[in-house]
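For reference, chains read A, B, C, D and E in written order, and residue numbers begin at 1 within each chain.
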Amino acid sequence: DDSKLEQLKAQGFARIAIANEPPFTAVGADGKVSGAAPDVAREVFKRLGVADVVASISEYGAMIPGLQAGRHDAVTAGLFMKPERCAAVAYSEPVLCDAEAFLLKKGNPKGFQSYADIAKDPSGTIGAPGGGTEEKLALEAGVPRDRVIVVPDGQSGLKMLQDGRIDAYSLPVLSINDLVKKANDPSLEVVAPVVGAPVYCDGAAFKKGDEALRDAFDVELAKLKESGEFAKIIEPYGFSAKAAMSTTREKLCAAK
Amino acid sequence: MSQPIIKIDGITKSFGSFKVLDGLSLEVKPAEKLALIGPSGSGKTTILRILMTLESIDGGHIQIDGEHLYHMERNGQLLPADERHLARMRQKIGMVFQLFNLFPHKSVIENVTLAPMLTKGVKKADAEKRAMELLDMVGMADKAKSMPAQLSGGQKQRVAIARALALSPKIMLFDEVTSALDPELVEEVLNVMRKLAAETDMTMLLVTHEMGFAHDFADRVLFFDRGKIVEEGKPDDIFRHPKQERTQAFLRKIIAAGHRV
Amino acid sequence: MEWDWDFVWQIMPTLIQGVKITILATLLGSVLAAVVGLGIALARRSPNKLLSRPVGFLAEFIRGTPLLVQLYFIFYVLPDIGITLSPMVAGVIGLGLHYGTYTAEVYRAGIDNVPRGQWEAAKACNLSARQTWTQIILPQALPPMIPALANYFIAMFKETPLLSAITVLELMNQAKSVANSSYRYVEPITMVGVFFLVISLISVFALRWLERRYGRIG
Amino acid sequence: MIDWSGYLGLILQGAVVTVELTVMGSALALVMAFAAGLGRLSRFWAVRALATTYIEFFRGTSIFVQLFWAYFVLPFMGITLTPLQAGVLALGLNVGAYGAEVVRGAVQSIGREQYEACVALNLGRWQAMRHVILPQAFLLMLPTFGNNAIELLKATAVVSLISLTDMTFQAQVVRAQTGNTLVPFTTILILYFAIACVISYGMRALERRMARGLDGVRS
Amino acid sequence: MSQPIIKIDGITKSFGSFKVLDGLSLEVKPAEKLALIGPSGSGKTTILRILMTLESIDGGHIQIDGEHLYHMERNGQLLPADERHLARMRQKIGMVFQLFNLFPHKSVIENVTLAPMLTKGVKKADAEKRAMELLDMVGMADKAKSMPAQLSGGQKQRVAIARALALSPKIMLFDEVTSALDPELVEEVLNVMRKLAAETDMTMLLVTHEMGFAHDFADRVLFFDRGKIVEEGKPDDIFRHPKQERTQAFLRKIIAAGHRV
């Protein structure tokens, strides 16, 4: 049923959760929210007849509970599709794709190219956002829990690397690039993409049970992609429209 | 002989395992002025507090003005008194404390008018008129607007007396009302009490260590020791010719300590 | 959302790991707070205004600003001036400094609570300043402080989740991590609540005992 | 070049949220403190048990857990609050539990002789509480209430957990957007301290006003 | 005439803007027993506290036993005393307080031995031997092991006297040492002090409201009012034939309040 969509139309806005992580999202000095994810969501919702989106910045950890508790109508935050997540929420078709990267000290002194390299080095530590894809990849590659440092946000990760508290900091490529650009620090180096790590794509995530809304979203998203508008929105932020269009939710959710 | 206004009949009272009052009986006639004297810890304060219902009793009976204090008659049966009964009985009794116990956040006149307004529904104007009369009587009319903290001990105690009188009780209880005062301030309070004793027909029970004042004030003096009345009689008899050995010893000590009798 | 007991048992070992870190941080923080508090209390009593004023201001400042922000400062800003601390050390220092400003008040109250007559009697007995402190004042001032100090240590215990902001893997952080990778939130967070409640209730009983044993101050 | 004035504006917006939370949370805390504090002194066993449970529960669990519950778990029970409401609820109930002990302590510290004077003047229990005990006890509570309000102010920093754009959260946003740590955090430290100073100054002024002519109450 | 042991010369003392002592002078002979009486707030306690160095003075000079108390002579100049000088001078003076001020965490005998052991380096065994003699003298030898909290007020005060005596001061100061006691306990303390007065040649200054005791105890009585000595003389003269109007008024009030003179 489309009651959810009708309801959003009636109230004139949709509530979306976004992350505090450029370039997925950006907050201007005037407080205006932009960035690749919210811009796409805003456009699609507009075409659906929902005049506006109200974005609230949220911790990664709070996004899915917030969705389940009915606090947001959608999450558009670079929450990459993975089988477990596909089970917890209803994803749209892919929107933003990115690979994983490492931020390291200049010259990559420990020679880390993959999560497995870090697992092999008994003193190697890696920083990653709590509950994020990178943490999971590191743990799955065999890095023990006490060498995976849960870092609250990108700037903290950057700082910890600069201060020598961690050996590598892992985020999606574009996030790392944005960090490096802002830090403007010649003593850093980026490894991108991380060897053996898959390319991930996110989608707009909806609450289980809101599949009708999700389907309507997909229809408009597909039109947007076709018209070339989609590329116009996300490419200035560094994302590749082709990557998103060359894969599907079905594949990503099935991937092991 | 008229009916006693207070009739205490075999009351007992213990704190924990310590028996403070042990089968005490006493009758007080209307308008009688009684002084209770005796060594520290003998139970004088306890008696007054029981009459004021600040302590309960373990056994025995008390009648005030012909009515039970701690019991109510219902269909010919004696039941323990409920809060309503106690509140009604308390109207007959007022008490003045050693440490005044004024309400420090209320002005002098508010201290005096508070209870009549709250418990008897007296109108503010009427309560204040009566309060001013009482304050005038205790010589405190000019301090009506002051706060208690601005008064000397003797002044506080005179306000406390006025406050107790504002409810027009038939019985007034005084517990060492001067013993927390500087010696020079004692007299002003005693003067008020002398006047009160002379001008009203209230029944008064007074606990004191001021033997001189007890002598002048009381119609009858009770000497307490260990929760019992050891000796009683007219002031002259008790102070000049005590019969009991314990009374004699007590008075000797007091005199030695520099108090006039 | 259903409550899943199997899941609870599954995450229990991870949570217990977190509890250990939480307790360790609390104990170390308490020791530091006890020492720092005494230092602040004595400095504020000092007749030397150049010592008492700045220390007083600093203590007020620390007490008036959130521990979370202070932790960020210690962990992320101090390295800029060359002080790089491990997360646990930074956390313990943050807790110790913050709660030291509270324990300082306890010390002050405890010392003020010794009646003036005791200072005067000590003087009439011709005791020196040092003898007065060690023989007369502190033996009387310290025992009644113990419950109040213990109270703050319980409060500190409940603030340890803040350490997750500086990457200490304490109880709350472990729970969030578990929750994030399993997408089940109610169980881990509720279990954290249960852990806190159980430990707090035990501490409250211990505290009551301390209060009975040592009395209490204002 | 970073547009600092714009970003400082963002932080100030966060400061408004922080102040809102503090004021509304304090109001709720005050109500709860009196309800539960007097509840603990009730004659009725059930009221006492209820008040004690509330106090021990909210003092015993951590504010983090309470926030999380108010925001994420209450909706499953059919109660959906806005972030601000959830924040106010959790902060108010938490600090109210501490305040309840202050109320109880202050009421109990009013000397027994004041209660006795009330009995001797035949005031009812509620009359005595309302006209004699509470006015005196309130003065004793004020300094601790001031401290509690500052504790509440500081606790608002943790509401970022539930996506409330308070001052600390905005500082995090600014930090992510600008890559600068020192400026946003120094700014909010100063702002927090300024708000705390306003609170304690206000409380002291109120206390002085109420204590006028009243040396007897505060010994 | 022997040299005065205390020589007070024009001292002034203010609390804030309130002048408590205004150019007070006084000489006390060795072994003299002095009673200081007068209305509340007249500065009696302040004098004793100044002699014990618990308060400082604003102006004037005090000499104890020929030496300056608040000043030191260095190269013919008078400098303000430092802590070392004060500590040495304090050895000559002992004080007993109204509220006893025993150390509550020390037993009776520890209260008495503490100061000699700490300030004079007396050995424990010697200090305890002397302490037992003193406790025996004040009738407290059997309570040597008790804690202060287990004693009555009168017992506490007797211990406090023993504690002050343990340092063998030449001058003893007593500030209303019985006014916090129950009337019946007053006598036991006064008895100790009578004995002390009779048996030693210590100089004693006593502030009291017990006129009877002041009369029996003192060689000379000083009547204070508003920081000045208004009248002084032999007890009989002061109490029976006061010359000054203020002294007469004060004594009248005290007598009216029930105190024996």
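Following the convention adopted for this analysis, a contact is a pair of C-beta atoms (placed from the backbone, for glycine too) under 8 Å apart; a residue touches a chain by one contact, two chains touch by 3 or more.
Chain-to-protein mapping (UniProt): B, E = Ectoine/hydroxyectoine ABC transporter ATP-binding protein EhuA; C = Ectoine/hydroxyectoine ABC transporter permease subunit EhuD; D = Ectoine/hydroxyectoine ABC transporter permease subunit EhuC.
Because the structure is predicted, anything quoted here is derived from the model rather than measured.
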{"item": "Fewest hops from chain B to chain E - one hop per pair of touching chains", "value": "1"}
{"item": "Both-way neighbours, i.e. chains that touch chain E and touch chain C", "value": "none"}
{"item": "A-C or A-D, whichever has more C-beta pairs in contact", "value": "A-D"}
{"item": "Rounded Å distance between chain A and chain B, as computed from the means of their C-alpha atoms", "value": "82"}
{"item": "Distance from the mean Cα position of chain E to that of chain D, given in whole angstrom", "value": "52"}
{"item": "Distance from the mean Cα position of chain D to that of chain C, given in whole angstrom", "value": "20"}
{"item": "Where chain D touches two or more other chains, by residue", "value": "72-73, 76, 181"}
{"item": "Per-residue overlap in chain C, given as positions that touch at least 2 other chains", "value": "1, 76, 185"}
{"item": "Where chain A touches two or more other chains, by residue", "value": "65, 68, 155, 159"}
{"item": "Chain pairs in mutual contact under the definition given at the outset", "value": "A-C, A-D, B-D, B-E, C-D, C-E"}
{"item": "In the complex with chain D, residue positions of chain C that touch it", "value": "1, 61, 63-70, 72-73, 76-77, 80, 158-159, 161-162, 172, 185-186, 189-190, 192-193, 196-197, 200-201, 204"}
{"item": "Touching residues on chain A, where the partner in the complex is chain D", "value": "17, 20-22, 26-31, 56-59, 62, 65-66, 68-71, 153-155, 158-159, 179, 182-183"}
{"item": "Of chain B, residues touching chain D in the complex", "value": "52-54, 87, 90-91, 93-95, 97, 99, 101-105, 114-115, 118-119, 147-150, 163-164, 167"}
{"item": "Contact footprint of chain B on chain E as seen in their complex", "value": "39-40, 182-184, 186-187, 190, 209-213, 250, 253-260"}
{"item": "Touch list for chain C against partner chain A, complex", "value": "1, 76, 79, 84, 86-87, 164-165, 167, 169, 173, 176-177, 179-183, 185"}
